[in-house]
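Think of it as A, B, C and D in the order they're written, each chain with its own count starting at 1.
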Amino acid sequence: MIIKDEIYGMIEFDELEKRIIDSAPFQRLRRIKQMSFTNLVYPGANHTRFEHSLGTAHLSGVIAERLGLDEDARKKVKLYGLLHDIGHTAFSHEGEAVLAPLIGDHEALGAERMKSGPVADILGENYRREEILGLGKGSEGQIISSDIGADRMDYLKRDALNTGVAYGVIDIDRIVHTLALEGGQLVIMEGGLEAAESLLVGRFMMFSAVYLHHTVRIATAMLGRAISHSLEDGTVIAGDFHELTDDDAITIMLRSRSAEPFVSGLLNRRLYKEVLTLSPSELRKRGDAAGIGRELGKKLGCEVLVDLPSRFTKAAGFGVKTDSGTRSINEMSDLVLSLERAGEARMKALVLAPPEQRETAGKAARALFDK
Amino acid sequence: MIIKDEIYGMIEFDELEKRIIDSAPFQRLRRIKQMSFTNLVYPGANHTRFEHSLGTAHLSGVIAERLGLDEDARKKVKLYGLLHDIGHTAFSHEGEAVLAPLIGDHEALGAERMKSGPVADILGENYRREEILGLGKGSEGQIISSDIGADRMDYLKRDALNTGVAYGVIDIDRIVHTLALEGGQLVIMEGGLEAAESLLVGRFMMFSAVYLHHTVRIATAMLGRAISHSLEDGTVIAGDFHELTDDDAITIMLRSRSAEPFVSGLLNRRLYKEVLTLSPSELRKRGDAAGIGRELGKKLGCEVLVDLPSRFTKAAGFGVKTDSGTRSINEMSDLVLSLERAGEARMKALVLAPPEQRETAGKAARALFDK
Amino acid sequence: MIIKDEIYGMIEFDELEKRIIDSAPFQRLRRIKQMSFTNLVYPGANHTRFEHSLGTAHLSGVIAERLGLDEDARKKVKLYGLLHDIGHTAFSHEGEAVLAPLIGDHEALGAERMKSGPVADILGENYRREEILGLGKGSEGQIISSDIGADRMDYLKRDALNTGVAYGVIDIDRIVHTLALEGGQLVIMEGGLEAAESLLVGRFMMFSAVYLHHTVRIATAMLGRAISHSLEDGTVIAGDFHELTDDDAITIMLRSRSAEPFVSGLLNRRLYKEVLTLSPSELRKRGDAAGIGRELGKKLGCEVLVDLPSRFTKAAGFGVKTDSGTRSINEMSDLVLSLERAGEARMKALVLAPPEQRETAGKAARALFDK
Amino acid sequence: MIIKDEIYGMIEFDELEKRIIDSAPFQRLRRIKQMSFTNLVYPGANHTRFEHSLGTAHLSGVIAERLGLDEDARKKVKLYGLLHDIGHTAFSHEGEAVLAPLIGDHEALGAERMKSGPVADILGENYRREEILGLGKGSEGQIISSDIGADRMDYLKRDALNTGVAYGVIDIDRIVHTLALEGGQLVIMEGGLEAAESLLVGRFMMFSAVYLHHTVRIATAMLGRAISHSLEDGTVIAGDFHELTDDDAITIMLRSRSAEPFVSGLLNRRLYKEVLTLSPSELRKRGDAAGIGRELGKKLGCEVLVDLPSRFTKAAGFGVKTDSGTRSINEMSDLVLSLERAGEARMKALVLAPPEQRETAGKAARALFDK
């Protein structure tokens, strides 16, 4: 099967891969957006986990071939690239903050789908159980999942293309040409240092301009609250999100009286407003995010959301292979090290309130923090 | 308000435009895909009428400025660019074949939305009734709606970008620089002849490779049948499609017993198969499409779909301004004339059957047509 | 050796290819522009035969692999892709009209370079004489040189990229996926018909907008006259052009008193002007181009150039492989057939005069042709 | 006059600008490459100062309009954008290290061209002398020449496009939308901070991967030596480089016996090799670069080049306009600050020797520095 991809052009899948792609759990990924409600800010961001999974599979296969893996290993790498997001709930990462503590993250859920159900059945005809359980593990898994792996390269480029933001335009081709496996670890050869730096800079810029764009964070906070409410009042149970698509979940949550205002707000772009911005430490001195939100909400007679990103971008953790051994990218590159510091300085806690209470909520929030 | 567009970069909207964009009927366009189920063939084709409407508004404004229109006229042109697709039902063009005979096409429905409801209210604060009724009419309307207008240029380029098909990559910039208004008609100056040819060739190639791709036609035929069934059994009424989004309509149609197999097939990519290809005249000699479908279906005990595209691309109808007067593009360009002939030769009627009855249906269809 | 190409990204060459690339005759291609004086119209058109040769080699290798050729054949195909333009004189095609009748065309001259000299020596260490003579011959040669071969695809895309003209943006990837060798001929499979049409349309549009752009033709006609003059007065001999670079030749021709005005005109963009446009048949009724130029020139006391393109684009000549045998693209595609007719209608003879004699020359030319 | 640009599409010039473009000093820029011998590493880097000057003029005009300058000011800004590189010698920046101390840098030489000669004559018909002397000065000059000005944005994007290196792909559109003039200084508004960071990161990466690529530095060092030799032996005088094109200068320098090996080496890509890499401080402890080169050369009986880049990228120096006043980008952005440190760590001195003496020169150089 040949599919036309926005990034790589014509990409090919063999019969086994085709059967997985045509299975219901994989077709469901067509209806899970890659970036959830980011399209409220960047209208072009309507691409889905389906396209990203196809792209990651293709790129994983290209890397595996480049690294000289044998045919069996190559096929397994590509297969895991295809399946690495099969476990995503509705709204993928944007719903995970609420859902993962209850039902596990998308990797755990994905492992389930590979153990039973239609995908598991197709895999089972071709691989032994221990082979299936081993997919995505070990050095082969790094081809997909590491900082310089296919998953990250694919989503950075695809998100950049669909948002129209130039920052994620990374030189995939150059990175692929300089990857190596060294002691079971995916590393980059010294000649690829600049390309790897560029990847990390691109990621930093995408976090700054897109993934942590304040309006995107507002939408995600509203979504999280909608999910919480509809779980609390029993409109839906957490496990259902594993089967629902984005739009299924929206339809269902609209039936919850407490979730409805948040869902409608998202659908009609009536979003909460930022009424105060704090450093995370200023916030923590005063209490935890949820508690502060409740306290302000009580005072104002409305729901107040306090959003605190758990992290900016993680420190990069891969090695660079030099003539004198493999060293960490953080040792090799001042630039990369500085990204981490710059990311921390950029982390802000946001106090959010309904638009009609913007003024009073701002006053109350500033009073609470003596600002 | 500034929005980042995939094609034009940063595009700007004034306060009135912003209020329309933020209204519920316009936000609904976020959930109407531009190309409906075309993403079954080109997975990247997830862009929506929302983005296309923003882009068309922007491009309309650029053309209006280029043509030297006064500020009032420029604003009206841009406004109509923004609103030109506000009347689309769920599934837009792909649903229109069934729905338009019942409730009117998207232009008629759009005119309704401009006469009453939230959009009309916003317009009414700024324009008199006869001005609103006049939007999109006359020479100004041609800036949006003609063969060389903003609507067509935007969707060709946007569809090309999101499908990854190169054919629609047209030189918008050059066309815009060579447009003129001549006796109330939007024409192209002779210096832009090649750019206009290129636009028409691009359109031809997009029709050939994308819009009339056989699998796209199959999906559209299945969708049409699903809509018909769910109307017939009263699951939904035609007027509702005017308010529904794509996914709303899917959810509802799944409740119709006769529509369900078609909807599920679309969702899980279990599509009808092409069992016979005919020229339109071969088909018509034997009867009308619907009747032949019924006849074959009866024989086989399943639903058979017969799909006949009403047209390939229409003949282009704009003028080219030369030193010796304005002449039709069809007179000026052998190439354009030949596209029409080539398009007709490419029109095929398709007989479609469920995958599990592919063989028997093929036999029956060939027997019916002595093939 | 890995080289970063504008089109394909990182492309690789083995040790033998590297030695050829590093040889003086190949390095000389860095100083032969791909499109000669086309940069007088499209300022970005400064790319060279060097880049095009590297790109053609790479693409030839990709096609050869796709077609399943064995390693020895693949290497030879790629080698010929690399060397296919090694015989170009200064100004490549733009000088050939004058030079080829005297010293042979670039293919004949290229064959010489492969028989003796540094390139021949490197080849000779690796291949037998008859193998070298066979490079570019037979079905393997078609991978580079046919209508759907690597040479044409590379130059269309590269010229489009560097001129900024969108028309040449062809879907190389799709064409490559649908090529086949059939009875020693490079053909396209039916599934690639649209991609092949698109290639031919792209070529047509590039001819129309770029290669036969009137100002480009004027520059080429002036160049041809400069070469003729500098040969006639013995400033240079035809064979020298085989060793000279573009700029070498310019420097030398400036020493010829009769060539100098044409060369200076090209360098400072003081170009001849078009004073009359005729159909080729109108021209031929009155005489041959050179004679008419002389006649007008005598009358006016200046040099008049009459430019008549020998052809628009040649008819395409490859086969399309269908279930019922291989048929010519011209039979299969109305569109392609029409391009040929449209091209002929577009061929114009130009009468050109120095800018300061534009008016009088126009009058004289119109008088001569009763216009 | 409308010209098709690789980056901006159709760009327009008025009659005055057209006359300047058509003047001989401006046409000469067609034969001064933007990146000199960088095409030895990136074969696509054949673009010229001509295209860059047109692009800078266009972009300057866009920024001036965006900033709301009046028509007279806008025209002057665009004019200076057009003329800002008119003073470049052959090989532009790559020759400047040797030539600027003797005849002034390209800005001083450009000012000359605006005071006398054909360009000055054209300007004089339209502007008073003090206006001409004022072009490029003051706040209007910053629109072209500052860190966030049109010159830099144009060359980063153009160089990225022509080398195929993704790093320079900056979001010009977003930067332009967030520029402001504040107290006579070009600043960026806080909303454009990320876009400005991205510009500086792009510049950093381009320096790292392209402008200071070791092979580019080798070619530049060889070129510098060739210029020095041909000046020393009187083959050419420094002032001549102001009139010569790249290829003129090459032709002339080939006549100098001492310069010839370096020029031939560049033409045939027989380049010096890196035999030792040092930190600048290690080098300076031992002496100055030229002296060390002579010392090693004497020992080895060949010319040794020691190359020490004077700087990586300069610290960025523009302001960011916030609600609480304008602050330096260096205060606002950890990331930008860190780029400076990272740049310094990346500066290396190179000891270079002819390929055939690679081994012995390496030994001698290591001995000299106890390595």
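To be clear about the criterion, contacts are C-beta pairs under 8 Å (C-beta built on N, C-alpha and C of every residue); 3 or more make two chains touch, one makes a residue touch a chain.
On a predicted model such as this, the values are computed, not experimentally measured, just so you know.
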item: Most widely separated chain from chain B, with each centre as the mean of CA atoms; value: D
item: Inter-chain centre distance, chain A versus chain D - centres from mean C-alpha coordinates, in Å; value: 40
item: Rounded Å distance between chain A and chain B, as computed from the means of their C-alpha atoms; value: 33
item: Centre distance in Å when chain B and chain D are each reduced to the mean of their C-alpha atoms; value: 49
item: Contacts with two or more other chains, residues of chain D listed in rising order; value: 4, 9, 165, 171
item: Category of the chain touch graph - line, ring, star, complete, other; value: complete
item: Footprint of chain D on chain C - complex, ascending; value: 3-7, 9, 22, 24, 27, 30-31, 39, 42-44, 46-48, 50-51, 54, 161-165, 245, 247-248, 250-251, 267-270
item: Residues of chain D that touch chain B when the two form their complex; value: 2, 4, 9-10, 171, 173-174, 177
item: Contact set on chain B toward chain C in their complex; value: 165-167, 169-171, 194, 197-198, 201, 204-205, 208-209, 333-335, 337-339, 341-342, 345
